[in-house]
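Two complexes, one shared chain (subunit A), two partners (subunit B, subunit C).
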Partner chain A sequence: MTVPVALQPTTVGHKGGPTLLETVVCTLVVALLAIAIFGPLFAPGNLFRSDIANSLMPPSATNWLGTDDQGRDVLWRLIVGAQTTLLSAFLVVTLYSLIGVAIATASAAGPRWLDEGLMRITDIGLALPSMIVALGFASAMGPSLRSAVIAMAITGWPLTARMLRGIMRQTMEQPFVAGAEVLGVSKWRLMTKHVLPNSLDVMIVKWAGDIGTTVLVLASLSFIGVGAQPPSAEWGATIAAARGYVSTAWWTVVAPGAAVALTSIAFGLLGDIIQVRRDPSLRGN
Partner chain B sequence: MQAFRAYLWFLARRLGLTLLTLWGLASLVFLMIKLMPGDEAQMAAGADASAVQIELVRERLGLDAPVIIQYLSFLVRLLHGDLGTSIVTLQPVLADLEKVLPNTLELVFIAMALNLAIAIPAGIVAAYRHGGMFDMGSRVAAVMLGGMPAFWLALVLQYVLGSVWRLVPISGQHGFGMSSPMVTGAPTLDALIAGNFEGVLDALYHIILPAAVLAALFSTQVFRTLRAALLGVLRSDFIMAVRAKGATARHMLVHHALPNSLNPVLMLSGMQVGTMIGSAVLVETIFARQGIGAYMFNAVAQKDVFAVLGSVIFTGTVVCLVNLIVDLLQLLVDPRIRAAQLGSQTR
Partner chain C sequence: MPLGRSGASVNIVDDVDFTIGVGERMALVGESGSGKSLTARALMQLDRVARVSGRIDFEGADLLKLSEREMRKLRGSSIAMVFQDPMSFLNPLMTIGDQVAETLRIRGVGKAEARKRALSVLDELGVDRAAERIDAYPHEFSGGMRQRVVLAMALVGEPRLLIADEPTTALDVRVQDQVLDLLDEVSTRRGLAVLLITHDLGVVAGFADRVMVMYSGRIVEDGEVGDVFARPRHPYTQGLIKAVPRIDQDLATLYAIPGAPPAVMNRPSGCRFHLRCDQRVQRCALELPAMLHAGRTRVACHLHDGKGI
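Showing the complex of A and B:
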């Protein structure tokens, strides 16, 4: 069935097709994901072996981004590191989103004392500097990528919990929820099948943007030394390992940092774009 | 009277939240200690302690008592200012950290001033010339800077501005023979106290790059917030009235639009102070400044877990207290925030 043109929903100043920025950002995100998933399959086998004779070589035809202090190819290590970095970031965001969803649901559905208690705990979590606390957890569990991921999952959930609880409370005011209640739907089913799915769309925008900040914090933790350890190709660990060579071989430091920046910018913008697409009145801000 | 009561109620709530947060922080750190793999007494006594020494430490820390007693005695020790002992320097963690705190705070203070000095004018121009070249350019710059890792930007600028162009010192906090006697621990302030004018300039010369790195990263948020708020205000009716009365653009911006847009900026920059302390930790180590970050970095490198955890408590506490002070200051300074905060408390 065709809808008359006059009845088609229109958004002010927007002609429907993707803008240049949207195309660029989406291509970038897809490319990053493809590199992270398939890139390591094609990697040469000697990425973790040193070849001192070829160390700190500037970018050339054989090594597009040069080699590091161990003579390993910088570009291939970035590609392999993309998988480690992005996979860890996805894991972190998934884990703390699950914690956040659980706490928000319990808070929105539960009795007043539970809501009060959980929200005070969330307040504490929001007030503490999350990177410092994550640093403490990772350091106590023994510095490793796994520790850093767990530490960031433990410290990342409060904002999700706070935002989602508010949205769920609003959703619960909607008539269809009252309708479901009248029909005798159980509390558990009401929350998981009706309220939660109708509250999640704002959060999905947040989580897409969160991948970007998570990559940043993860790299920071690895740089301090409580995250991924050498010879891991994780980007933060790579920068930490190359730190001493910035004046003799700038490419060893610039390349992984640019990768972190590019990824964090791309996912951050992806979050913004989805948000503007959902609510065109935000355009231009 | 009503207002006074609302004020007291807000104060009590805010103080209560701070105490609750500090207790939460302490509990988290206790959890971290319990998560440590291996024998806690062994870790606290150091790698080459004898069996007798380990038993002594176990007894001193009360590690054979039930966990709940351990937790309570941990809290009591914290209240007495015992943040643990470094297994490397054998010094109490608190004594070491107290010495380096002013250094970090000075960096954050100067970075915050730079942050506002960059972001506020940029935000005003971008919003006023909405859609123009400057607006586009600064928004792109804000997006790019916002995604950069602080420590990486520090490394790259240190290389380019410090080693290649030699505009600023590569690292350290004062030039050779330029140090002033330590009074506060903050280099610029110490030089000022010593009346060493050259020393002040030298200290500023050394702090400018690390502070600029922090400022650049944090100014992106201030810029975006101010620009969005100003855009909203500039579209409102009263601005049209001001313009219709023939006010100059400058007068309209400075006296009418800006005062009505600064509220979210004040709120944001208040929150930024706390976050910036966390980022300063990273930037400091790169420029070899003797602040909290250097202490933490060394502790991590030397696997000195108790020193790391002590600095986590210390930094967390400093951030909480700074946030409390900023909130109270804002309450005093800005009547609109006062109205919003107090209003929400009485409702």
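Showing the complex of A and C:
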């Protein structure tokens, strides 16, 4: 991922060394990504097979986080699930960002009636609780991870569209946009080559933070049964499958729960850290 | 060429009528808010909200009759424009090579060819080590160099008319001088006509062939630079020239034209300058002075009516 240079070089964040929080969060994010990408390559082959004789074993030297009701290793399922969960979250954020960018661009560049129309639709999208709407879409499409991803993609864009439209409007006032226009650059090229790239830096902060929220919502949808289905190792689905054993085998629920919490917090903080790094005036808040 | 803005529908600029010959350098001067920039923007058809009536002839075609698409083709290739602030005129996320080449690329010139021509224009405009720095970003250049890049962007499409809206105002005096010399050189070499918008009479004297003075949305005087400076006819022009600080003059006695230009909504009757004029007569408050012609010199002032100019 390329992080664009901020518009005014003077506002490019503080140059000091990383704080403890920054080090912890960045390490965590890198570790999570590494686990999600490379972890499944080393996974044993029995993660989706039952081994009833070994079910609900507490954490031990062979099964660091114990086993679940089917006798499968909890840690390895978390690792495989990390890929499913993070990949889905990235997909959701990418998809709704694309929709948001398209709507924001059309709104900022288009005639007034189009802007008005699109922004009113965006207002409706913002007013509805997106998780409930996603729930409805996902169950209508038939419960599956794919349905949950699509449902979240089509409900997640309004905030991106609203924010980005405002930023693009501001960028359009920049003299270099007028400069390109007087040299005969077409509206389309003006928007895509000049306005949009110079409007994205704030959005990248938002999207990084959004990964965290999306992991949480995706796990919730799977937990209530409209997302990933057993025997998927997706974290929400894993919690749902294990919820009956919370009093007898706490590790089957706590481990994926902690994974969801840690991931959403790490990405949420990553967004904040990028923002603070860009703007020194926010330091200390 | 009366201009009006729809909605409030005020005429901001009235009866602006002028001709720029091939290769001619025309300066348009006046205080802030006198309509200089708006006139230039009207030439380029940039303000969609502004209504321009009349004619704008360019090489035999009336620009007001062109479609937006045809106008876009003309911008950059026949008429180009540069603005005041060289930093904010450049896209911070594009290399200078790409930005200069863009004018050509959007007209279907191939990538390698566009780059070659961009490089040769950057070279021509004296950008240091252009070949090495063509892939650098704007923030890596100094103000003067950036203004050269901006000029290169405007000139790479080989326009016949360049509109320069206060191109040197944001630069320090030494760099200002270099940029003007450069503009002078390029305009001579290419036979490029230049409409220079400025409020700096020193710049006018050093660069232009002709000067046109605007006040409150109207042209008040127009003539050869030497002639106007030696013998300004309009009291406003006289005031402007008197107000230029001189090195042999005590700063305390620096002349200023009394008062401030009127707001667009609140222009006085008759001659718009009469309230600030030290030579006004009764007629000035009642009657808008007509433009008096003598050769290529023009002035709109009652003082010269019937007496010759």
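The rule we apply is simple: the second predicted complex is superposed on the first by the 270 of 285 C-alpha atoms of A that agree within 3 Å, B and C clash if a C-alpha of one lies under 4 Å from a C-alpha of the other, contacts with A are read in each partner's own complex, and residues count from 1 in each chain.
Keep this in mind: contacts are C-beta pairs under 8 Å (C-beta built on N, C-alpha and C of every residue); 3 or more make two chains touch, one makes a residue touch a chain.
What you are looking at is a predicted structure, and each value in this text was computed from that prediction instead of being measured.
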{"item": "Fit-or-clash call for subunit B and subunit C when the two complexes are aligned on subunit A", "value": "fit"}
{"item": "Subunit C, subunit A and subunit B - angle at the middle CA centre, rounded to the nearest 10 degrees", "value": "100"}
{"item": "In the superposition, subunit B vs subunit C on subunit A residues touched", "value": "B"}
{"item": "Subunit B versus subunit C as contact partner of A:174, first or second or both or neither", "value": "second"}
{"item": "Touching partner for A:20 - first (subunit B), second (subunit C), both, neither", "value": "neither"}
{"item": "Contacts of A:182 with subunit B and subunit C, given as first, second, both or neither", "value": "second"}
{"item": "Which of subunit B and subunit C A:239 touches, first, second, both or neither", "value": "first"}
{"item": "First (subunit B), second (subunit C), both or neither touched by A:198", "value": "second"}
{"item": "First (subunit B), second (subunit C), both or neither touched by A:61", "value": "neither"}
{"item": "First, second, both or neither for A:133, with subunit B first and subunit C second", "value": "first"}
{"item": "Subunit B versus subunit C as contact partner of A:53, first or second or both or neither", "value": "neither"}
{"item": "Per-pair minimum CA distance [subunit C against subunit B, superposed on A] in Å", "value": "16"}
{"item": "Interface residues, subunit B side, partner subunit A - complex", "value": "17-18, 20-21, 24-25, 28-29, 32-33, 35-37, 130-131, 143-144, 146-153, 155-156, 158-159, 163, 227-228, 231, 274-275, 277-278, 281-282, 285, 296-297, 300-301, 305, 308-309, 312, 315-316, 319-320, 323"}
{"item": "Interfacial residue positions of subunit C with respect to subunit A in the complex", "value": "44, 46, 72-77, 80-85, 88-94, 102-103, 106-107, 137, 139, 150, 153-154, 157"}
{"item": "Contact footprint of subunit B on subunit A as seen in their complex", "value": "120-121, 123-125, 127-129, 131-133, 135-137, 139-143, 212, 216, 219-220, 223-226, 236, 239, 243, 246-247, 250, 253-254, 256-257, 260-265, 268-269, 284-285"}
{"item": "Interface residues, subunit A side, partner subunit C - complex", "value": "4-5, 7, 9, 174-176, 178-186, 189, 193-194, 197-198"}
